[in-house]
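Read from first to last, the chains carry the letters A, B, C and D; within each, the first residue is number 1.
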C-alpha cells in the first residue's frame, strides 16, 4: 500500500537462491545450551524430556513444511532435509533458514510447560540455522551419517564420563583424564567391567538420535453414532531411532532416492 | 570431538560475509499474522498489548546483541540496525539472521502470557528474517524513513477504515470502496467530520511506531542499610515513539553518524 | 612484500566458492559479434575460418586447464565443462571465470592472423563469461543438449535464410517474413525444393557445432638418429562434430559419468 | 529463437548483483607474469614499453565503459573504479569482471606489435579479475593508496636490487641478503652512496604508477578547406603519474566525491 520516495532502498535487498536440483539441509543448533542445560537441570548425559521437546518442535516444523522429507535430531541440534525438487520460497536462503529456526524456537517455548514437567523456563533460548546444499544422494547420505556417527561418539563418551562421575564418584577432571585418547572399545569395557552396564542396552534414542519421516495410510478419523470406525487416508510424522548410516534404511524407506541422480 | 570419514561434507557449507563498512539491517516479519491476529482477537486497528509484546521481544534481542545500535518496529515487523564496524559472528549472514529471528520468536512466546493478559496462545507463531546492507548513512536513514512512512500510511488508512466499520456501521466492502484512491487529507477529513476524531490525537506509538535506542547514565542499583542510594553507570534500552524521518532525531541522538562516511 | 596501514581494504574482497561436487560449466559469449562479424566480412551463415579460430582458442584454454573434461562450441560461444571433483583455484568463481575468458580472448587475437587469412583485425573483440553449477550428470547432459539443439535450430534457420537471400535474391525482410513461424520440415523443404540443397549434406561442424575431448595414447615424440620412432604416452585435444544429445556419445566416451552420482 | 525441453537448465544460472551505492573496483592481474616477463626480455626493474602497453589497454577498457571514473595501474596489474551510481550490466558481478578482463586481454595482444617494438609475442598471456565493493569514499581512497604505496615499496626495492645486480655486479642472492629487513632510508642510501642514483629522479611512472582520468574540453576535430579549426566538446582519457594518496588530488579532480556519502 505504502509508496514513498524512500522505497528505492528495497533495491539493496539481495536474494540468494539455493542451487536447484540439490538437497537442502537446514541444521539448527542451540546457542549457549551448555549454560541453558545447567540452568534447567538437564539430566546427564541425556535428558529424555529435553530430547522429547526437541522432537515435538521438529515435528511441528515438518508439518508446516511438507517439502521436508526427513529430519534428524540429536542433542541440541536438528537437521531438516528438503527435497531436491522443492521450490519452497523459490529456494531463497534467508526465507528458508529463518522460517525453520523461527518455527522451531517458538515451538520450543510453546511446548516447554507440557513436556518439561515441573521445570520452569528461566529465559527464552536461541538457536542458529544454516542451510547447506548437497548435490547428490551420496553426499546427502554422508551428511546424515556424519551427524549420526557424531551422535554415537558423543553419547558413548558422555555415558561413560557421567557414569564414572555419578556412579563411580570420580571427579570430572579425573574422568576426563582417564578417557583422553581412549577408544570405543575401552569405553565399552569401562562401562561393563566397572559398572555392569552394557552400552548396547542403552535407549536407542540416546545411541542413534531421532529420525523423523512421513508415514501415510488409513487413520480412524471418527466413529459413527453406530460405532463404525471411519478411516481416511492421512499423512503423519513418525519418530524412529534407527540406523541411517547403513544403506538398508534408504532402500526400504526411500527406494527412489538411490536412482534419482542420473 | 567427533571425527569420521563423513566429515568431508562440511566443505559444502558456504558462508556469506556481509560487506564490511556497511550498516546491517535485519528486518523480521510475522508470517501469516493476518490469521494469527484474528485467532487471538487482536484489537483493530492496533492492539496495544500486541505492540507492547513486540517491543519487549525487540528489547531482549538488543540486550543480547550490543552491536545493535537502534531498532524500529511497527505492526508485526521489526528492523534491527547493526553498526558499520560490527564484527558480530564475523558478519556471517546466516548466523546474524537466524540469531535475531530465533531470539525474537522464542521471546514472543515467552512473554506472551505476562503481556497479553487473559488471552491464551493458540499456536507458536513464525517470523522470517532478512539482512540487508546499507553502505551510507543516507541510505540507512532513507531505509528507516521508508518504514516509518509506511507505518504512517497504513495506520491512517486502518484507523479510518476500522472507525467507519466499527463506529459507522459501514460494511468492510463499502468502507474499502469509499477509501479507494483517497488522499491523506480525505481520510483526516472523514475521521474528523464524521466521527469527531482528530488523527493527531491518536497515540504516538500507533502513528510513529517504536524506536529503541540505548541510554546510558547513573542508575540506582541498591540502597545501603542506611538508606543511601548507590548508583552505577548503566546502559539500558529506551522505547521512543518519535519522528525519525526528520534529521533532528539523528543530529541529537547520533551526531557522529552524519559525518562517518568520508 | 608491501605492508601498509591501508592493507585493511583487502577485507572487502569476497570470494564465492562454487559448490563442491557439481560440474562447473563456464560459457563464454562474443560481445557485439553481430557488428564484429560484419566489420570482418564473416561469411554467412557460417564462416569456417572464424569457427576454426574459436576452436583453436578453446583448445588452448583446455590445454592450460586439464580439469576441463570437455568443451562445446558453436557460433560465437563456447562452453567449458570442469569436472565435479576439480579444486581448480579452490573453485573460486571469479578466478575460474576470468581465467577462461582472458585466455580465450588473448588467444583469439593471437591466432587471428594465422587463421583468418588475409583479413586484418580491426579492433580487439570482447567476450563475457559466466560459470554455472550443475549438480547431476543428467542436468549437465541436458545443458549440453540445450546448446546443441540451439545450434541446430539456429543453423537450419540461418542456412535457409541466407540461401533465400543470396541464392534466391529475396530481400532480407521478405525472407524473414516467409520463415516466420515455419517448422523444421518447412525449412528443409524450401532448401530442397527451391534450391536443391539437402540440409543433411551440410558440414557437420555447422549442424552439430564442435566437441572438444581429451584423447590419450602413444604419440611419436622423436626419431632416433637411426630412424627409429620413439613413442610416448601423450594426452591431446580432439575436435569432434558429433551428436551429444543422444546418450551413445556419453556411454562410449564417458562411461563412468553415468554412474557417478549416487 | 531456440526453445527446447532442455531450456530449464537456465534456472541453474545464479546472478550476483553487486551492492548498489558502493564503488566497484575491478582489479586485473597478470597470470604467470614472472615467466612471461622473462620470455619477452622485459627490462629490469621496469620495462617502459610493457608499462606503456598496459596503459594503452586500460585506456581502451575505459573508453568502452564510460562508467569507469578512474583507473590505476602499476607493474602487471590495473584497477578500474566504477562509480557508485553505475547500473552497468545491472551490476552483475560476472558480466562486469569478464567484460573488463576480456577487453584488456585482447587489447594486450592487439597492441603488442605496435608497442613492444621488435619483440615477438611468444604466447597469449592471461589475466585474472576480481570485483570488490567499497561502501565509502574513505575506503575507496584507502584502496587506491594501498596500491600506490605497494607500487612505491616494490619499485624502491626492485630499483635498488637490480642496480646492485646490474651495476654493482652483486649476485642475486647476495643482493637479496643485503636488502633483507632494510628500511626505505637504507635503500635510498645504497642507491645514492654506492651508485650515485637519486631515487627521487627516477621516472614518475615507475615511482607512482599510472592514473587514468577523464578529461573534457574543446578539441580540434577537423579543419575547413579554408584552414579554420573546427573544435567540438570531447571527452578523452588522460594518463597521469601523480600522488593519489594525498587528498589534494581528490580535492582538485573529484571535489564532489568527498561529500557524496551522507
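Points to keep in mind about this one:
Heads up, the rule we're going with is that contacts are C-beta pairs under 8 Å (C-beta built on N, C-alpha and C of every residue); 3 or more make two chains touch, one makes a residue touch a chain.
From a predicted model like this one, the values you see are computed outputs, not experimental measurements.
If you compare A-B with A-D, the chain pair joined by more contacting C-beta pairs is A-B.
Chain pair C-D has a twin interface among A-B, A-C or B-C; that twin, with over half of the contact pairs alike by residue number, is A-B. Inter-chain centre distance (chain A to chain D, centres taken as mean C-alpha positions): 53 Å. Centre to centre, using the average C-alpha position, chain B and chain D are separated by 47 Å. Chain A and chain B have Cα centroids lying 31 Å from one another. Contact with two or more other chains is made by residues 12, 14, 16, 19-21, 133-134, 139 of chain D.
Within the complex formed with chain A, the chain B residues making contact are 1-2, 4, 6-10, 12-14, 16, 28, 31, 60, 64, 93-95, 97-99, 101-111, 121, 123-134, 139, 142-143, 145-146, 149-150, 153-154, 157. Against chain C, in their complex, chain B makes its touches with residues 11-12, 14, 16-17, 19-21. Per the touch definition, chain D reaches chain B in the complex via residues 19-22, 133-139, 258-259, 261-262.
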